[in-house]
Structures are given as structure tokens and as C-alpha cells.
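Heads up, the next two complexes both have subunit A, just with different partners, subunit B and then subunit C.
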Partner chain A sequence: MSFIDNIVQDWPWPLKVNAFFAILFFFLVAITILSLVFLRVYKNRRERNKRHYWDQIDTFLNNGLFDDTFDLAKETQRFKASHLVTPLQKKVAIREILVYNENLKGESSEILKNLFHDLGLDEFTISSLTDGKWYDKAKAIYVLSELQVKKAKTVALYLNDKHETVRAQAIYYYIKTADKNPLGFFGKLKKELTLWELIQLEDCLKFVYQGPVPDFSKWLDHQLNTVLVFSIRMIQQFDQYEHMERLVPFLDHQDERVRAEAIKSLRKLHFEGLLDVVVPRFLTESRLVKKEIIKTVETHGDLELLRGLRPALSIKEEWQTNLMYLRAEKRMQPTLES
Partner chain B sequence: METVSLNHITEIISWLFLAYGAIVCAGYIFSAVVSFLEIREYKRSNGLRDEISLLQSTSLPSISILAPAYNEEANIVENVRSLLTVNYPSCEIVVINDGSKDGTITKLIESFHLVEDDSVYADILPSKPIRKVYRSTYKSFKNLRVVDKENGGKADALNVGINVSKHDIVCCIDVDCVLESDALLKLIKPFLNNEKKVIASGGIIRIANSCTIEDGKIIEVKLPEKFIVRAQIIEYFRAFLMGRMAWSRVDGLLLISGAFGMFDKETVIEAGGYNTKTVGEDMELLVRMRRLMRRKKVDYAVGFIPDPLCWTEVPPNWTILHRQRNRWTRGTAETLWMHRGMIANPKYGVLGMLSTPYWLFFEWLAPIIEFLGILFFILLMVLGQVNWIFVLGFSLVAYTFAVLYSVTALFFEEYSFQQYKKTKYTYKLVLTALLEPIFYHPFILWSALKGNIDLMRGKNNWGTMSRTGLGKVGDKVVVKQ
Partner chain C sequence: MKKKILIIEDNPMVVKSLEFKLTKDGYDVVVAEDGRKALDILKEDKSIRLVITDLMLPFITGTELIEHIRNHIPDMPIIVLSTSNQEEVITDAFMMGVNDFITKPFSPNELSLRVKRTIESY
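For the complex of A and B:
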């Protein structure tokens, strides 16, 4: 040490600074490379372990589901004690159960859900939900929703969570686990939904939810405009003609998205008299709504009525509306020169 | 007396260079930390549900994909076929033939059975004249439209594409890019999952050289054997995983790669479309859009997706790489000059006080300062003022920091997406990171300097960017190195 001190003490301080940083960076490079290699080895090993656990749970699930001679109750306890010890083993088991669940229906699906409980994985998931970080909570809600575990009261706490992912998973949970009234959670919502969430809700409602089609008109007096947009759209998509009349007041709603959605839905539901209501207000409407009015005239009106809108398309009018008008005119009269 | 004053001057200059280096290092460290936080949050927020099932939704907004093509005769048909396989419920593909001198348009007409399309289209953004717009008579290509126009450059072609496109969201893409199957879904998500108005979103560009491609999809990611391509892989990791991720987190992103970016058409048009007078049209457009939003006082956002979404071929030799980097430098300089009013202007918030100064000092000026440093070093040598121990010490600091930054980028890739699966690839990339500052960086420095010289000389073209393209190997297709 004194040998190094003897050398260094004669150096001017800038050289000492350079030497310090060169050594520091060198060590950091070495540490980063070692971490990189360690991470690779760790991931490889983790992957190997996962594959091993996958094989174990896979064999167990296959036997449990498809082998009639398999003593399920006894083997479940044995498997739980010997193969579900570490968090990684439990996570792999949950993942595999989710994969099976996605591909199985009916009785097999029920067995899977029971196994999820009997293997103690529901406890593990709920402890993640209550004690975990936000991303653990999101994942836990996702697992509970996929396996239809009824914990509505617990999940309700997260419907207005500050983390968008947690909040979104809580919303999807309700729709995926509901036997009826899948949109009951709307009553608890305090924040507007994003378009992405609306699309996800629609997807869950159409392809995941198995119960009776809800009465969407129940939410037509909701305080959130995005809930109104969703309900109006669903009334049309699920052909709830009986609620058509209830959509008409929304043509006067203060939010242009709600007005546009109401026109779109009424048009698709072939609401008689829609043209009489919307055409006169073309001049004063926003661009978004004008687009829907042009589409409505194209679908239910005639060329003469469409051309009646032309004086309202002033030179100062936005180019999009003009273009839309011209395209509609062209389609209605194909021989017209562009 | 004279020697004393010269010593003083050299000392002051040395200190200035040192201070610059220290600020650059601090900036990089800051960006690495912020990027790590962003990547970690993204990983935690995503991946719960395979959102690909949403591709069956009819409520997703329609997208127009704009793909300019110039002299692409050799690969255009395969490239367009690959684009047609893109997985999205409602999109049109608009290929814009920018006055190619070869048989690009003929090949397109023949292969896709094109006839004239007399649909109405906008003429909002000024551009070179359109010769004809085509559509296919075949149902399987019903989403395809081809525009044949007079040559005006990439920016002009994209402006025509925007004029002709039918949908409100446009996705500008290089025609030879390979997209991941859920690329469009992931790129449109920021537009839909945001309370603010989203004006654009971009993703990470990955390097396709040497990768195995089947039916227009990446099947196996392989590490290229060529050092020049591997060095670019590390460069892309640094730029995307450490640079743009950080800028995205602090809302200071100034560039969405021209190879793959999605835009709100209305905002693009309101901003005036692509600027045909710069070779850095992608950066310039986003800066102009952001200025517009700030001027209009609209609360807006720019999305950035760190997932690998788009794969592209990078220059496999020094000549083409030189042209590309020359162009990038000119594009950066032109954009900064055009928007010089933003630099260090507190009115623009992060953009004014962080992003534009960063681009000025660390992107555009860095090679110039580095070159001046070399000249200063030569001058000191001539004057006999060089302390070789100092030189060695400083060089070691610079080299170790450069390597540290690269290996950190490799670590981020390993932590996040781990696209290069084989362990031997990791070692090769580490080796490349060790060699890159010595064998690759000087060339990039020279290309950037040449770009500035060309800019001063008034050069304003792209230069020929020939690509080796897709070569068929049996049923599979491999992007040649």
C-alpha cells in the first residue's frame, strides 16, 4: 500500500482524478459484465427450473384431469407438500393452470378451479393481492378473474386504484367473474374509462362473459360520459331495439362523443326519424358529430338530402368534413367525376 | 511571459474539454437511471394478458399504413406481401412509388393486379404531382392502394400518402421493415389508453440482419457475424433502451424513427406535414407537432413502446453506413436550426430546457467537439506540451466510460427483452462493446463531421441507400448481412 502511496503522492491532482475515474469505470464495467453474465446464467437456470416445474405440474394436471384411477385428493396434498414450496413453483403452477383453463371448458374447468383452491394457490394469490406491490396486485386480480374466484368485495377496493394497471384489472375482474349484471361495478367507478378500457370491456363482454346479456339502458343516467358512450354502443351492438327511444335525448348531450355515439347507434339500429333530427343541426354541430351525420345521410338518406348539407360546408369548414362529404357524394353517385 | 500565457490558454481549453466530458457523462448516467425505471415499469405493467385477442375487436380505430418506395424493384413485391400479412382488423396499406427509375410500379401493377382507383382524396399537403392511384382487383389485396407520383423524396412521398390515406391514424413505415404480429396493436395502444391527446407513438427498431424470416415474420433472432452490424446493434440498444426510453419518461422525446411511427393525421396536417427541405424529416415533423400543441395549449402526449415491434436492415458496409450517418447528422443540424427558437427556451418546458440543449450539445456538437479535441491534442504535441501520462489517464477514463455505457445497454436488453437468446451471443456483444470505441466510433465521428461539412456545402439529398434485402433460402428468408 505504501508503495502505491509513494507513486501516487508525486502525481498532480488532475492525474489522480483521472486515475480514480479510470479505475472506478473499469470496476463498474467489470461489475456490469459480471452482472450481465450472472443475469444470463440466472435466467437460463430459472428457465430450466421453470421447465422442470412445468413438467411436474403438467403431469399432475394431466393425471388429475384425465386419469380416472388417479387419487386426486391424496395426490393433491402430496403434490402441494412436495412440489409447491417456493414462490417460483407456485407461480409456475398458477401459470400452467391458467393455460389449461384457457383451453378447457365444463367439468375439466371446474376440476381445475378446485385444484387451484386445494393446492393452496388461491391463498398465495390473495396474499399477493393484499400484501404485494402494485404489480403483484394487478397480477393477482388477473389470476382471480381468469379462474373465476369470487372475491368481489376485496377487488372492489382497487376499482379506483391510482395505478392504471391495477384499476384496469379490477374492472375486467368484474366483467369476467359475473354470473349476471357484469357491469355492476359501473356504480363504483369515479374516473372516466379510456378508449382502450372500453375496447377491453367490450371484448370481455362478448367473448368471456357467459351470463345473460345485461340491460345496458340501466347505465344511461351514469355520471361518467365514457360509461354513457359504452352503454349507448352496447345497446346497438347487442341489438337492444327496445331502448332506442332512450338514446334520442343523448343527441342533445353536451359531450360531442356522446352525441356522436348516439347518432351512430341510432343509425345502425335504423331509428326512424333520425335524419329529421340530425340534419337540421348539421350547421352548428362539431366536426366529430358532422362526420356521423354525413354517414347517416349516406346510409339512410338520398343524394338530394346529402347535397342539402353542402351550403353548411363553408370554405372555412375543416377539410376532413369536406372530404368526407365528397367521398359520400361519390359513393352515392358513382359516375360523378372526382 | 509568452509561455505562461500559452500555458494558461491551454489549461483553460483543457478544462473546458474536461467539463464538457463530465457533463456528457453525467447526462448519460442520468439517462441510464431514468431508462431503467421506465423499462421496469413497462415490464411490470404489461404482459398480464395477451392482448392479441383484441385484434378481433371492431372498435379499434382504422389505420393507414404509408410505405414510400423508391427504386425497390428487386424486393417490392415480397415487401408489400409481407405488409399485407400485418395483423390488424382494419387497415389500408398505401404504397407510394416516389417516381422510381426502375420497374417498381410495373412490378406492383402486375403482381397485385392493380387498376386505376378513382376515389376522392385530399390535396391538403403540397407535394409533387400524383400520376395515378391504383387499387387491386383481387379481394385478397383489397386493403392495398398504390400511388404513383413524381419523384420528390421520402418526405414528399409521405405527404402524398397522408393526402391519399382514408383513416385518421397514419403509420409511416419503411417498406422493407418486418413487423411483429402485434406491432400495430401495441403502437396504437398509447393513442387509446391516454387521457391526453396523443399525437404520435413510436417503438424500438431492431436489427434484422442475419435473422431468419418466414412469411414476413422474424422466426429466429441471430447475431450477425460482421463487426460493423454488431456495433450498430449495440448502438441501437444505447439509443433506444437508454436514450429514448429516458426521454419518453420525462416527456422530452424529439424523434420517432422514420422506419416505424404512428401519427394522428389531423395534427400532422395541421403542423404542415413532412418538411421536404430537410433530410431529417422524421425528427423535424415531431418537433413541429409538439410546438404546435404547445402553441395551441393542448394537453398532449407522445407514446413510446419499448417492445421490439419493427425489424429493419442496417447498413452492412462502411460506405452505406457513412452515407446514413452523414444524413442523420445533416438532419439533426437542420432540425435544430429550424427550431432554434426552442433551444434553452423555458417556454417549451422539458423540450426547451432539456431535449433541445441535449440534442445540440450531445448529439450534434459532440463529434465536432471531439474532433476539436483531437486537433487541440495535435497542437499540444507540436508545442511539446503533451504529458503522456495525462493522455493515458484521460484516454482510459474515456474508453472505460464508453464501454461502461455500452455494457449497461446490453444489461438493459438482457433484463428486459433478451432477444439474443444464445449465451455465446452475449459474449460476442460484450467483445463488440470492448472494441467498438476503438474501431467503430472513429468512423462514426468522421461520418458525422463529413455530414456537417456537406451541410455547409449545401448538400441536401439522401444519398443512395442500397440494401441487400431479403434473400430466399428454401421456404425461409434470411436478411443478408
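For the complex of A and C:
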């Protein structure tokens, strides 16, 4: 028998249990403390390495961008072989190139894009796109779009990704890198766009895309209702009056969102005869569409026409529509009195 | 003798690039990461010939800094380097007496030419 057994054998069982848990907790605490220390040391070391790599890439980029005597082709190959070996080094380099690209334009921006390719960082990014987790994929697509790397076929695979962020980045990529057909990816979409994606798409089209305004009517026969909603809205927002007539059939669309958007857009485009079409169907319409009809009557109709809608608003559940009606009526009252 | 330029900017990347580029162009470059340090440098160093400043700065904003420089060193040329491209911000800056306004992202070559032109005209 061992020394410990000799000591423990005479102990009553509660003491044995107590001793067992005391030892167990001691080890658990020790493991936790050691883990924390290890993580801290690891993180510090990683941060130190990052700063070192950051300095290296920074010096290289500044020389490449601003020093005319710097042999860029030769130094790029040298830097790639000696300073871009580990994934961390490559990640730091990509981040720095992105930061530079964000702040510089003109010739410098072009040099940065070429360097991204010549340093082999495009290959590394694409590999993390195919092998990485969803956040790696989203980040990789973002990098490709910011540095205008033309890999549309590769990115197309992620337009229908199960993760929203990846899908959103793929959409952003198409708009950011497009020269003249920013919505070409609509043809590849199989999933409905989320509200957030619709907002982001509109925002990118207005503030990121630099090419000519696309013809939104091209997508009016799309199978996805959210694409229809978007196209109808954009026809109105970009004042494409020539396609106004093509929006009329959507007043009979089976999806209420499409019908509501069609009314809204036709109203804003001042389509003549809209009231004659929408007012008679007020009673049978959904709440969403009813709201648009009330707004349309308020904008293009008169108080009498608005009051004609009132009998259809007696249902108790429609309190929001009722409220909207009352507000519209109140706004229209002074016009009548004056 | 090299002409001295004070850069007031809190983005390390922009600072490094400007420092590198302007040094290559033959200027002496002094850097301040915030408005307070910039004021200290301006008080102590009378050889500074140009100020390049961001508008969004820690402690003292770029606008306050420009006002201060205009009140105390009216002849000091100032170039604003800012991400803001709003007409109102640009107009306000010129009303305060800045000599040039460059928006980010910026072209280093263009900035270099504007710096040269501004310094030479003083």
C-alpha cells in the first residue's frame, strides 16, 4: 500500500469525500489560472508579432508607393518570400493594404491593387473563401470587392449562401466591382432578399456604384418577389418614367408587398388614373395595401374621395389603418376650409 | 534649409504615408496626434511653414485648432485633409481661412503638388 493509502484508509467517508473535492477544486483552479496566463502570454506574443509584421508591410508599402528608386518588382518577390510566409503575416498584410486603399486614391490605389495580386494575397483570400468559416468567407468577399478583384464566378457561389452576412457581402461585391451592370447577379439569386439586404442594395447602388444607372425594368419579370419590389422602387427612385406603364400590372400581383410598392411608386411618379384603379378595391385589399391607397387618396384625391373609404374601415382590428385614415383626414381638412 | 511641415492627424497610416512622402519631397516633417500637442509644437517651434490638419481630432477639434492658429499665427498656411466631403464643412473651412481642402481618400501626388504650391505662395 502506498503512503497516501496508509493515511487515508482510517478516515471516515465524509472526510474522504471532502478531501477528494478539495483536491479536485484545487486542480480546476490551477488549470484555470494556467490557462488564463497561457492565453495572455499567447495574445501578447501575437500582438507583438502583429506589430512587427505591421511595421514591415508598412515600410514596404510606403517604399513601393512613394520611392521612385525602389525596385518594386524585385522587392515584391523578396518581400513575398521572406515576410509573407505565415497566415498571420498574410492577414496583417491584407489588412494594411485595405487601410491604405481606403485612404489613398489615384495612382497609389492602382499600385496597391497590383501589389495585392503580386504578393499572392488574392490567392490566399480566395483560399479562405473556399475553406474558411462563414466569417472568413464574408471577410474574403469584402476584401475582393474593396480591391476590385474580378472573381465574379467564384463569388457567385455565395449569393445564395445560408448565412446572411456572406450573402450581403456577395451582393456588395457585385455592385462594387460592376462597371455597367450592377444588378447582373439578380439572375443568379434563388433566395428572397431580406429587408436588410434590400436596404443595403439600395444604399450601395446610390453611393458605391459609379457606373451608368441600370434599366430596372429588366428585372420586372423576375421570379423572386423581393427583386420585383426592389426594381419597382428603383424605377420610381431613379425617375424612370418610361417604364411607368409596366408597373400597372403589378397592382394585381398576388403578393401584397409587390402591390403596395407598385401603388407607392406609381403615386410618386404621378401616374394618371391610379385612383380609378385602386380606390374601388380598397374594401378587399390587405392592410398594407390599404395604407398605400389612403396615402394615394391624400396625395392625389380630395376629402370627399377619402371619406368614401370610411365604410370599409369599420372593422375593429384595423386600428392602424383607422389611425392613418384619421390623420390623413385631419391633414386634408384645412385645405378644404381655406 | 528644409521647410518644416506640421501634420496633425490621428490615423497612423495616413501619418506614416504623409511623413514618408513629404520627407521624400524634401521637407522636414513634424507630427502631432492631437490638437493639444499641435498647439504645444506651434508655440515652441517657430520654424514651421505649413500645417496639414484633419478636422476630427482628439481633445481639440480641427476647427478649434484652425481658429487658434488664425488668431495667433495669421500668416500660417493651412491645408485641411478630411474625410468629410460635405459642401457645408468645406465652405466653413474656407471661411475660416484655410488655404486648401483635400478630401480622403486622397492622391499623394496631388497632395504633394498642393503642398508645394501653398508653401511657395507664402
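Methods note: the second predicted complex is superposed on the first by the 290 of 338 C-alpha atoms of A that agree within 3 Å, B and C clash if a C-alpha of one lies under 4 Å from a C-alpha of the other, contacts with A are read in each partner's own complex, and residues count from 1 in each chain.
Rule of thumb we're sticking to: contacts are C-beta pairs under 8 Å (C-beta built on N, C-alpha and C of every residue); 3 or more make two chains touch, one makes a residue touch a chain.
Predicted model, so just to flag it, every value in this text is computed and none were measured.
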item: Partner chain(s) touched by A:Leu104 [first = subunit B, second = subunit C, both, neither]; value: second
item: Touched partner set for A:Asn18, first subunit B, second subunit C, both or neither; value: first
item: Which of subunit B and subunit C A:Tyr241 touches, first, second, both or neither; value: neither
item: Partner chain(s) touched by A:Tyr142 [first = subunit B, second = subunit C, both, neither]; value: first
item: Dominant contact partner of subunit A by residue count, subunit C or subunit B; value: B
item: Which of subunit B and subunit C A:Val29 touches, first, second, both or neither; value: first
item: Subunit A residues contacted in one complex by subunit B, in the other by subunit C; value: none
item: Residues of subunit A touching subunit C in the complex; value: 58, 62, 65-67, 96, 99-109
item: Interfacial residue positions of subunit C with respect to subunit A in the complex; value: 11, 13-14, 16-17, 20-21, 24, 104-110
item: Of all residues in subunit A, those that touch subunit B in their complex; value: 11, 14-15, 18-19, 21-22, 25-26, 28-29, 32-33, 35-37, 39-41, 43-44, 134-135, 138-139, 142, 164-165, 169, 172, 192, 194-200, 202-203, 207, 233, 319-320, 323, 326-327, 330, 338
item: Contact footprint of subunit A on subunit B as seen in their complex; value: 44-45, 48-49, 53-54, 56-57, 59-60, 118-122, 124, 189, 191-195, 266, 269, 389-390, 393-394, 396-397, 400-401, 403-404, 407-408, 410-411, 414-415, 418, 423, 426, 430
